[in-house]
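Structures given as structure tokens follow.
The two complexes that follow have subunit A in common; it is paired with subunit B in the first and with subunit C in the second.
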Partner chain A sequence: MLLELIQLIVNGLVMGAVIALPALGLTLIFSVLGFINFSIAAQMSIGAFAGWLVNTQLHWPLLPVLLVAFVVAGLIGVASDRVALAPMRKRPSSHMALMVAIVSIALNLALENALRFGFGSGLNSFEMPIARDVVIGEIRIGPQQMHNLGIALLVAVLLAAFFTVTRVGKAMRAVADNPDLARLKGIDPAKLSNLATFIGMGLAGIGGALLAIDTSVDPSTGARLLLIIFSASVVGGLTSLGGAVLGALLVGVAAEVSLLAIAPVYQSAVAFVAILAVLLIRPSGLFAGTAGVRK
Partner chain B sequence: MTSYLVFMLTLAGVYALMSLGLVTIWGQGGMVNLGLVGFFAVGAYASALLSQSGVPIGFTLLVGALVAGLVGVALSFVTRPLRGDYLAIVTLGFAEVIRLVATNEKWLTGGSDGLAGIRSPLKPELGAWHPYFYLLLVWAFAGVAALLLTRLLRSPYGRALRAVRDDEQVAAVAGKPVLQLKLKTFFLGSALTGLAGGLYAHLTSYIAPDGFVPLLTIYIFLAATAGGYTRVVGAIVGSVAVVVLLEGTRFIAATVPGLNAVQVASAREFVIAVGLIAIMHLRPEGLFQSVNQSAAAEPASAPGTASAEASAEPVGSTA
Partner chain C sequence: MFSFQRRNVLRAGAAASLAGLSPLAFSQGKEPIRIGILIPLTGATSQFGATMSLAAKAAAEEINAAGGVNGRKVEVVIEDDQSNPEAAVRAARKLIDIDKCVSIGGSYASAVTSAIAPLCWEGKVVLETSSGADSITRLPHQGYVFRTSPTTSLQGTRVGDFAVELGAKRMFFMGPQAPFAQSYIDTISAIVAKSGGTGSGLIYEDKKASYRSEVDQALRFKPDVIVFGGYVPDTAVVLKDLYRAGYDGRRIGLSFGVNQKLIEAVPAEVCEGTYSLVPSAAEGSSAYKRLVAKLKVPGLDSYSCQVYDHVVMTALALASAPNAAPNGTTVRDHLRNVTQSAQGKLVDSPADGLKALAAGTTVNYDGASGPLEFADNGDVKGVFFRYEQAQKGALVVTKVA
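Up next, the complex of A and B:
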């Protein structure tokens, strides 16, 4: 029983680490641009397909595959943002954030169907070497899971460095913490928006590729996990980058441990309940910025 | 061809009822509901299951609407402290959970096989005339709902509701029962959506989780936005327009050679999505513009668009 629990917690941490990447992307975009970009689900699938193409056609190994996933998802993310969402954001309206969110749902649908048009809706898989599970004590970890965990950690460390060392990264954090104060200090959030979208959607692309390596590549690879990713972001407070990572780990563990009590098909429902529970206790998320001024 | 046309017009009536629900909750109440399809499914399953256990259909429609409305109240009560963004995620999640339940609780919903052979009112009696009868029935529901809603939104309740939508704090200070207004509105909107679900179930005589995908929510957002999401008349016109667009793309797709079924379906969904994006860009207020918003809330609009009715409505005077 205890062993089973530990195994589930380990699985949850691995799952959480992978979810953390798109959740970070979503949080970054929400922090800097002020709206929820639902097209993150399609961008995950785009990353998965981009990686799958270079993997199966050109036989590239894991790391360059993920780099391709990052760049392609990032570029398409920025391009579609410029075309579909950016002009909407300029409109003076009290419902702006919401209208943009709805347009991003439509954008998600458009991108997903563009993929379906091009690749069909069948399931594809990566060509990755099959290796045996690593057994520590009696806890099993698949090599793919180890890779996922390692890569997610690596990306998180790179991001942390970017946000603490570089000027642009610091500016982004300033906007996330307090957009008004950042503007007073001369940081223009609009100027950061392209970069934030690129990094955010790129992270979604890596996350999508990692998830697809574990499961399958198809146009709804990202959509299947949308609720869990939102849950991670919301639990983390939607504006806290560190919170998004912690939220992802928490939601990942909660979803896996819940398997002890409920059927696997209801894992997304656990994420939904986690959203509700957290929002009822702390309406702004568990790890929202301490300043508490963001409205 | 005629029967196809009749079916499509009936479907437009179902969409019109859902759009009316969206206009109530979103356009007039200012609350997001990305979970429309969830309430639609609740109404459809409730009505279908009841009628399969022998309850008369008029009654099952009513119960379906009531159940959907009560679920709406529960959801909006639980989420009452949430801002728009969070509410968007929660309502979207709600619809997904409903679909999960419908897919997995086989004993109740038949799982992914769905429920087949749902009875339709007077079908054996009317025979070939039944589709026409059902068309009239659905549009009668939509028409009555539209009339009642128009009256309701002109009443003190409607004015107070718009006050809450435009500025919750000011409305609260003016003595409006903000939470109560929001709950009532969510009840009304989700009950209309549930009624649409019930009518849909008895129209197609078959429902399954596959029919309750988020895409349907997008259709309704497109319908309501195209028509003008704050207006009752907009919901009606927008729904007909969406069905014409949906079916039109079916015919256009059929003329393009060399496409397989998946490509045709995805091309149509793509067109719908791009259509919604384009409408939001070109005419975010839709065909029928809002007539009762204060001029200050819409700095971009010309002063003439705020009607005399709006300026003659002091917020504090409502009962």
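Up next, the complex of A and C:
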């Protein structure tokens, strides 16, 4: 029983690692721009396809593949944001955040279908060897999944450094804290919103590529995980980057450990319950406040 | 304004009556007969959608080249079910209410078929389906449902027999929540139990990025054969996680999960040795060979052949009753007469069938997917299976039975 529990926790950490990067991206964009950009799911698929293309056509290895996934998803993220979402944000309205979030759902569908148009609906595979699990004691650990976890933690640390050390990072936090005050101080929120979208969608792109290496590349690669990613961000507080990583790991572990009590077929209910519980008990999220709280 | 309208009405009336008199191939005044095709062009079950669409169009072309049905053109109206019951219901409503289709063919995923079947029998439209779930023909469909794909119990029986043939003592089934999942577990377990073994199973959620915990649960059962009941996206992940976990026992899947698309989606070592049971098209038949040649493809899956046959069966059923109203009920009442009439002239193409019917001969159409004989509940009888095995990144046929 104890061994089973430990194994489920390990599996949950693995699952959490896969969703941590997109959750970070979602959180970053919400912190700076103030709305939930649901097109992150399609950006994950875009990152997966970009990485898959350079991997299978040019035979590039993992790290450059992830770099390509980051840049391509980031650029398309910014371009689609400029075209579809930025004009919406310019219309002042009390429902602005909600409206933009809804338009981002439409954008998500448009991008996903563009991928389908270009690449078809079939599944594709990376040309990367698949490793057998390592068994420690009686616990199985996937080396590849541990890489994912390591990369997610590394990126979170790099981001934290970026936000505390660099001028631009500090400016972003200022915008996140109080956009009007930041503007008075001469910070241009529009420029920063591009950068935040680029980094956020780039992270989703890396997450998508890592996910696709584990599973497969198809236009719905990202969409399958959107609910659990959103849940991780909400649990993490939606504005805290560390919270996003912790939220992802927590939701991942909760979903796997829940298998002790519920049938596997109801597993995604755990993500719903997590959102509900956090909103009811601690609406600001479990880990809110470490990187600035948006009012 | 009024006079313009009246003039137009008069003009249209005159044209229509002229058309009625002129000896044209198609009656100009009459609308084409519309046959709905509801297929997965997108989503988890979309792997056969593109060829299904081509097959449906090919059938309509052949029928129209042979002069149509009772002097009317047929038109296939193709809708995407998105592998999603909710989208399928919207599409089926359009096919029934707006396009006034006489039948709906295609309908592939069992969840999709279960969702639209009541719309069809309530709307008195024939549903020709390629789905497997036993529950579908147990619905009170009043004869409006015809199934050209083998049922889950038949497929499950074949899988169970095959597992026993491979020497299985402990069978474990893994598949997503679908109308057929539990039915597979029960059928296969019963067959394995009869030969002295035991069976069990697990039904999982189909949109996960990892099935490590589910695989752990399966391996605790110490299975010597694992049966997959999923579609391609989830089966790909389950197979990878089984490989990572070091399972190297026997694996059997069904063609909607283990097929060429899956082979392309996972590294070769991950699915090496996995068996797949495929409802076989009638590959020796001339209908199959003609269709393959027409579509210029090396071979066709059973499901696309079934969609071709769906269109042809509807057309022949209506052609066999030229005096009845061309609607779903007529299709229902005459479909068996043109596919399983013992005295009927054996035909394998819509052109031959239409010609024979016009000459007053009864026909027995044997299609690209098989002989198309239906039991009272609408289930097709006498289908063949191909047994395939993944070997070095390709599917190799081991037997057809």
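Here is the rule we use: the second predicted complex is superposed on the first by the 276 of 295 C-alpha atoms of A that agree within 3 Å, B and C clash if a C-alpha of one lies under 4 Å from a C-alpha of the other, contacts with A are read in each partner's own complex, and residues count from 1 in each chain.
Everything that follows uses one rule, which is that a contact is a pair of C-beta atoms (placed from the backbone, for glycine too) under 8 Å apart; a residue touches a chain by one contact, two chains touch by 3 or more.
From a predicted model like this one, the values you see are computed outputs, not experimental measurements.
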item: When subunit B and subunit C are modelled together on subunit A, clash or fit; value: clash
item: Which of subunit B and subunit C A:V265 touches, first, second, both or neither; value: both
item: Which of subunit B and subunit C A:L5 touches, first, second, both or neither; value: neither
item: Which of subunit B and subunit C A:L154 touches, first, second, both or neither; value: neither
item: Subunit B versus subunit C as contact partner of A:L58, first or second or both or neither; value: neither
item: Which of subunit B and subunit C A:R91 touches, first, second, both or neither; value: first
item: Contacts of A:D133 with subunit B and subunit C, given as first, second, both or neither; value: second
item: Which superposed partner A:L225 touches (first subunit B, second subunit C, both, neither); value: second
item: Which of subunit B and subunit C A:S121 touches, first, second, both or neither; value: both
item: Selected from 204-212, 222-230 or 276-284: the stretch of subunit B that, after superposition, runs into subunit C; value: 204-212
item: Subunit A residues contacted in one complex by subunit B, in the other by subunit C; value: 116, 121, 263, 265-266, 268
item: Subunit A - residues contacting subunit B, complex; value: 30, 35-36, 84, 87-88, 91-95, 97-99, 101-103, 105-110, 113-114, 116-117, 120-121, 227, 230-231, 234, 238, 263, 265-266, 268-269, 271-272, 275-276, 279-280, 283
item: Touch list for subunit A against partner subunit C, complex; value: 4, 7-8, 11, 14-15, 18-19, 116, 121-125, 129-133, 140, 142, 145, 211, 214-216, 218, 220, 224-225, 256, 259, 263-268
item: Contact set on subunit B toward subunit A in their complex; value: 30, 32, 34, 78-79, 81-82, 84-86, 88-90, 92-94, 96-97, 100-101, 103-104, 166, 214-215, 218, 221, 225, 260, 262-263, 265-267, 269-270, 272-274, 276-277, 280-281, 284, 297-300
item: In the complex with subunit A, residue positions of subunit C that touch it; value: 41-44, 46-47, 49, 176-177, 202-205, 207-210, 212-214, 216-217, 232-233, 236-237, 240, 243-246, 261-262, 264-267, 269-270
